[in-house]
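Next up: the structures, one after another.
Two complexes follow with chain A in common, the first pairing it with chain B and the second with chain C.
Now for the complex of A and B:
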């Protein structure tokens, strides 16, 4: 892959990491707050349905993670498994698309129902 | 080199990232089927599943701590306090691990 593409991927990885640092901090605090006393679907959906601020937050979270995770796996596959062929990037584009689709489907399900 | 704190931080960051990448599709799949959420939440009451939940939350905290360390090393001018970033990331993992275990 050419150096310009490698640089673009590096920038995307760091930019998505910066967004995720904020998202994960908020998500961890929410998890710890929400699990006290156990979780029920009704309790989760009461908190999320119709809440546009949380909808926007989690949509951004999904987009950032769909960029970040495949680029991270790309380095792992190249360095630890020696998989550097074009087929690796093709597989990771599919993984990114699957993550984005599943994640946005989940966000819409939980927030819009 | 493999005994060095930086190498350990690198391995923890990488392994936690792999765990999260494997977990996320399943996490999204379950949340995407919100109508069946209660049946799934009942399944998560099992002790081994709770242990798994705890481990993935700890992995998330570890990846956050390791990621903040990398961003600080790459983007901030070098200062001697940056040598303590791996310890700070470790402290974050312990704090989140304890807080989540107490909340479970």
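Now for the complex of A and C:
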């Protein structure tokens, strides 16, 4: 892979990490706030169903995860398994697509209810 | 100080074993003194490498009790445990024999990182005046005293995991040239040091900085390269 593409991957990973730092903080704070007095599916759906702000927030969260995790895993696979062939990138594109599909599916699930 | 030191020395190539020697202690004795004593008095077949003995040439680095060090400036008092010493060749480099490693790959990587100065003036022109207090010059000066001993390269986890990784010394060299206002290689060097085998592979473990006998910080230089590559990428120049 050429230096430009690898640098772009590095930038994407750092940028998605910055987004994740914010998203994870908001997500954890919401959990801690929401579980006070117990937690039910109905309560979660009441908060998220039809709420465009939560839809946008969790869609951004899922996109950031789908970018960040495969790039990090790329380095782990290279360093720990010596897997640096083209097949690694192909597998990771599939992994990214799976993360995005599963995540967005879940986000739409709680939005549409 | 006890009368003698139990020294285990690596013998053989990649496959080999430690051989034990008893070496008399002496005041201000260095690890290189110990190895030299073994070679001159106990076993003349021991292979090791040194030249200046005063911390300038970078040829005597070895692994001492598991840690890469310049042996000519490492006092036995500081590193021996229970009057025992284990001396092995540097890690991350092929072993030729005993304590001697093949450093070709280490220096080839300096070339791959475009580690040679490329100026624009000829000998018929005036000298280029560099202001010592200039911010770029000071950053270059902070990394310029490298003696090429490969201690950092031997200490680096990423080199162990990724044999193509250019390593701290080559990247530190590239950084000092990136910050040299007389140098003209610019983007070509940034392209050479970007990516998986270059500065972006560094995990900032700082093992190189901890081990460097000259107290340089290749980690800082590598971080600087990441910033310069980022700027070039954002401008669309990379």
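Here is the rule we go by: the second predicted complex is superposed on the first by the 113 of 113 C-alpha atoms of A that agree within 3 Å, B and C clash if a C-alpha of one lies under 4 Å from a C-alpha of the other, contacts with A are read in each partner's own complex, and residues count from 1 in each chain.
Assume a contact is a pair of C-beta atoms (placed from the backbone, for glycine too) under 8 Å apart; a residue touches a chain by one contact, two chains touch by 3 or more.
All values reported here derive from a predicted model rather than from experimental measurement.
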item	value
Fit-or-clash call for chain B and chain C when the two complexes are aligned on chain A	fit
Comparing the two partners chain B and chain C, which touches a greater set of residues in chain A	B
Partner chain(s) touched by A:53 [first = chain B, second = chain C, both, neither]	neither
First (chain B), second (chain C), both or neither touched by A:6	second
Partner chain(s) touched by A:41 [first = chain B, second = chain C, both, neither]	first
Partner chain(s) touched by A:78 [first = chain B, second = chain C, both, neither]	second
Contacts of A:32 with chain B and chain C, given as first, second, both or neither	first
Shortest CA-CA distance between chain B and chain C [superposed frame, angstrom]	5
Chain A to chain B touching residues, read off their complex	14, 17-18, 20-21, 24-25, 27-28, 31-33, 35-36, 39-42, 44-45, 62, 65, 69, 72-73, 76, 98-99, 102-103, 105-107, 109-110, 113
List of chain C residues in touch with chain A within their complex	158, 161-162, 190-192, 194-196, 198, 200-201, 226, 229-230, 233, 238
Chain A-touching residues of chain B, taken from the complex the two chains share	14, 17-18, 20-21, 24-25, 27-34, 37-38, 41, 44, 57, 60-61, 63-64, 67-68, 70-71, 74-75, 96, 99-100, 103-104
Of all residues in chain A, those that touch chain C in their complex	1-4, 6-8, 10-11, 75, 78-80, 84
